[in-house]
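Both complexes below contain chain A, partnered by chain B and then by chain C.
Coming up: the complex of A and B.
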């Protein structure tokens, strides 16, 4: 039982990072119908921001949580303005290709500037772990899991209730209808990319101590985040969070009680099963229509 | 009859000319072209990029002194990550660029991929990073190996480190599923089992960051010591997560690729972790040759990023000086055959013989032994810094 609890905690720790990354992808897709393959690169830039704040500037880790997400959000909004806005009338394929190569360009840019195998960031917590019976719960794992859950819940609530997100909700419900009602596409898209980028940034700050910063981080994150988003339901914010946590747990359980080589394979098996038998995802957004 | 003799002479001369041209490719009156290949991107970029930088440092230093026997060295480096890219890069360097010597600065994956090709064409080849037996066996006259030792030597060193501070009964082997760790695992596992240790083996994918499952398995097996065969990042995250699953009081030993200061910020308090190092000093260690080398590195590349220079910087640097010894011994007769014969006479080659800094172990070769170095320093983390014990 203790062993199972340890395995579950390990899975939740990495699942929480998947969840945060998936949340940003879903938010941007929900509001703009753009599948952002550059999202992994935004996570990398967020992690790099944590490195700059904590290691290069020797500032507090908490400042990284405060400063990095809006900075990455601003970068994402700028990219939307400069690169993706001109492509808005292009077909979906062109936009997808643009985000794929944008992600590669950003990752390679980081590689060129920081020519190192891995940059490491110390954990924000150095204190003794909590002991729940024989189960060890480190402060870092607790913070990662609880923090990402809080951000997930906060984002979901903000999307549902906040005035500022009304345009995104309208676009998500009916893109053309929202425009006819007077919602500005430019403003809504910029806001969606800012929030999606900020979520990627915060995912990067959480990921930095647990995964380190290397140019392969975007691939590792984007693959898991897409699986999490599809498993949860691609238009469901709460589904993204649940999908991420579920994926982390399933991967770790498969490796612990099956074979360590199963870890990556199981996520894609899960993806295919969901796509075949429940394509709307495990936790789809309930759509109510008032007639 | 005269015409027949004339044709014979012309044919003989053209054959001699062709033979001479092909044997001395890459050599002109004032330059010697050295080709090298290795990964500059991807998961093993920490091998190729430092290897290239280290080699270029030595090439520039030697050229500043006038080169070798009046000829300047020119380094042409081809990026190659995958096995297919490594073979293509080797072919391009030898057949298109016509290099005189080929350096495999690519780790085990690239070295194994290029092994058959370099054996078949006979180009003098210096495998400076590949531990894999595929490049070492069968023995080839034209293939030499540098500072990175064969898996049997490193396995013996790792077993010594495992048993140095105690007598563990149950040992966990945590090995990457890629070429270098697997080459080591295939040698070290039977050696440990022969010596009566209870061995539990767990594997992980390259660049893995989550080791929960493997560590839980070690917890189940109640291991006393864990040996990590992989990079410093993999070892670092595994050791960090050991605390999260309650795998405490375990003696950790890591292989040469993991001996990198960047492991310390991952783990935090990392003192006491043991490993081996293929050079006499760790970068930053208080030793005059290393201080001078670091000053040279900084002058060329600026302030080093986290984890640089690493063992591959040092080895790349030292390897060019070994090549300089072999080329110097070949004197003006720069054919492949003569270079190989001269290389086999190199003894105790050190950078200081050509004005460089001795940050590598001396290398010696013979006609039957093409492994330049068999020394492995004992590395330990002391006060948060890797130190190679004297």
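Coming up: the complex of A and C.
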């Protein structure tokens, strides 16, 4: 029982990071109808930001949480401006290709600058872990899970309520209609990419102590985040959070009670099963039908 | 619900490409174009055979990459499916052939064929999800396949050597060793030169044409009997067979193969081949494969920056040169290429090529189309509510009604795109199967679309060729391979296609790409595509929506002439009531899912029930 609880906690820890990454993908997809295959690279850059702030500059870990997300968000908005805006009239195919290779270019750039197999970032907490009966709950895990959940809930609420998000909501519901009502595509897209990038940045800062920074990080994150997004329904923010947590737990369970191969394969099995039997995901968005 | 989305988007923008793009179609190749890539491969062999051992080693890899690239052109360039599983498919080919040699003692060539077949089987598994998923979902499923195959190879240590790799035995054929760089280069070049003719024939022939039709407009492709799932699965299988063979050919060059050789990075770098080479061109993957496999060896000093360079190269290509290398080359060749407009408007008197077996004019009062008690409900909305009427053979029947009357739904039920809840559709007494657009063409029913649905990336000629039918996957694949040879019915088809183009006044634009035409000409092209098979019933969905008044008159004359001279029965939906009244022998009026009136145009328009439908009750205003 104790062991299971520990495994579950570990799973939630990774799941929280997946959830944040998936949240960014879903947010960008909702508002701009673009699937961002470069999202893994954004997370990598976020993690690198944590390394720069905490290790290279020796600043407080909290500054990383404060500074890195807006920086990654700004980078994402810049990329939208320079790379994706010219492609807006092209078909979805070219856009997917562009984001795939954008991701490669960004991760390669990082690899060339920080030529290291693995960069480690210390945990922001040094205090003793909490003991709940026999179960050890480290401060880091508590912070990651609780922080991610708060950000996830906050994003969902903000998307639903906030004035600035109204344009994104409108675009998500009816792209052309939103344009006709005077919502600027340029501004909405830039905002969506900024927020999506910022979420990737947060995910990176959370991931840095837990996973370390390695060249494998982008593909591992993009695959997991995509699975989480599909499981959640792809256009549902709360679905992305739930999907991410579920995936983290399932993966960790597979690793603990199966082997590493099962851990790698299980997320894909999950994706396959969901796509075949419930392609609308766990939290399908209600679509209105145009007759 | 107002149907703003369907009725009025994008009309104005459709004519734009004409001014931007004036190149003539790049597929004006001679009949022997499919041999050219093999010649290029042999030329590479002749050049590098005189050089040292290292260039020969590189040349083997480059030639294999040209084969991989050609396989990817089929799938990525033509079918426009993003595959992230190329590494796994290469691995299936490589591991399959090596294991057949080492574990089963199979000779080299059959072993390589076996590896290719294993990869082809993998392609089938990959292709099945393509029936349901498109775009980024399909891309992710191919990534699943990639990861699972590599995990399986890594885990089955007993068979594949796991992560440690598998030693490839020195290649030899009938006792002759091929282990020298030159010997293996000659072997690779000869095999690739021989094999390349197959994918090239597929790309340049009917299969390539149909794949581009499917990736351009799935709905229109179905209406002309192209089964989208069959074509996509076939694209995955054919492309995987070719890529698998390429993997088998590469294995002896590597000497040791391990899972990392075929990882996701390989998938992504090979995905760049058809993009950098040129998406719309049969040569794209070949050119891209050659360039992108040769460059790393040329730029060895900069090895560290290569991946960044390649990724940037792809981004620059997508952004600034969407035609890729091949597109740039053809642009040079066709700089002074033809302009794509109709210089002379064919008058109503221009000769119409009469089809060989022109049917007798229909005064027989035979019933062409019979709609019996058809109904369709969406939730609480009865879109079509118990509609029955009959269209006589040879007549032009107009169908009108205000927005939401159920015309389009009825139209889609007749053409098979929507499954009716009740009732039956009979064409010349034959009941049409419900909800199967692909079979409509074999029953002699074709249609045009409210929003023009020509296949933009293929030539005007090929658009009409698709209208001829025979688009089942087996005849298409076989036809692609047999067409290059003299004989067969290619010439007769050509005469029919040109006759259909002539009858709509587009014969001189046969080689232009369909997207280069003006909207009016695209409407004409749709008509040519729909009549070339001499259908028994032609469904016209708002054939003059969005075209100028002058053009409307001409299209009207054209349709009437086709109706009189070829005896094709027509069912016509149109909002332009003047046009409809001038065209139709009889008009059926629908409102709120029901037929409210039927008869001669003049009497229908004067009918109080019809006036009420359109203008409200007399005196209301």
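The criterion applied here is as follows: the second predicted complex is superposed on the first by the 284 of 291 C-alpha atoms of A that agree within 3 Å, B and C clash if a C-alpha of one lies under 4 Å from a C-alpha of the other, contacts with A are read in each partner's own complex, and residues count from 1 in each chain.
Rule of thumb we're sticking to: contacts are C-beta pairs under 8 Å (C-beta built on N, C-alpha and C of every residue); 3 or more make two chains touch, one makes a residue touch a chain.
The shown structure was predicted, so the numbers you read here are calculated from the model rather than taken from an experiment.
Student: For A:85 in the superposed arrangement: first (chain B), second (chain C), both or neither?
Tutor: It touches nothing on chain B or chain C.
Student: Considering only the touch criterion stated at the top, classify A:93 as touching first (chain B), second (chain C), both, or neither.
Tutor: Touch status of A:93: second partner only.
Student: With both complexes superposed on chain A, which partner does A:211 reach: first (chain B), second (chain C), both or neither?
Tutor: Only chain B; A:211 stays clear of chain C.
Student: Once the shared chain is lined up, is A:105 touching chain B (first), chain C (second), both, or neither of them?
Tutor: second
Student: Should A:264 be classified as contacting the first partner (chain B), the second (chain C), both, or neither?
Tutor: So A:264 meets both chain B and chain C here.
Student: Please indicate which partner A:6 is in contact with in the superposed arrangement: first for chain B, second for chain C, both, or neither.
Tutor: first
Student: A:33 in the overlay: touching chain B, chain C, both, or neither? Say first, second, both or neither.
Tutor: Touch status of A:33: no partner.
Student: After superposition on the shared chain, which partner residues are touched by A:139: those of chain B (first), chain C (second), both, or neither?
Tutor: After superposing on A, A:139 lies clear of both chain B and chain C.
Student: Quick one: is A:176 in contact with chain B, with chain C, with both, or with neither? Answer first, second, both or neither.
Tutor: In the superposed model, A:176 contacts chain C only, not chain B.
Student: In the superposed arrangement, what residues of chain A touch both chain B and chain C?
Tutor: 108, 261, 264
Student: Could you list, by residue number, the parts of chain C that touch chain A in their complex?
Tutor: For chain C paired with chain A, touching residues are 1, 3, 5-6, 9, 80, 82, 84, 129, 132-133, 135-137, 139-141, 143-144, 147-148, 151, 154-155, 264, 268, 271-272, 275, 304-305, 307-308, 310-312, 314-315, 318-319, 322, 378-379, 381, 383, 404.
Student: In the complex, go through chain A and note every residue touching chain C.
Tutor: Chain A reaches chain C through residues 35, 37, 83, 86-87, 90, 92-94, 96-98, 100-102, 104-105, 108-109, 112, 176, 219, 223, 226, 230, 261, 264-265, 268, 271-272, 275, 279, 289-291.
Student: Given the complex with chain B, which residues does chain A contribute to the contact?
Tutor: 3, 6-7, 9-11, 13-14, 55, 108, 111, 114-123, 126, 129, 134, 136, 138, 141, 210-212, 214-216, 220, 251-252, 255-256, 260-261, 263-264
Student: Using the touch rule from the top, collect the residues of chain B that touch chain A in their complex.
Tutor: Against chain A, the touching part of chain B is residues 41-43, 45-46, 49, 177, 202-205, 207, 209-210, 212-214, 216-217, 219-220, 231-233, 236-237, 241, 243-246, 260, 262, 265-266, 268, 305-308.
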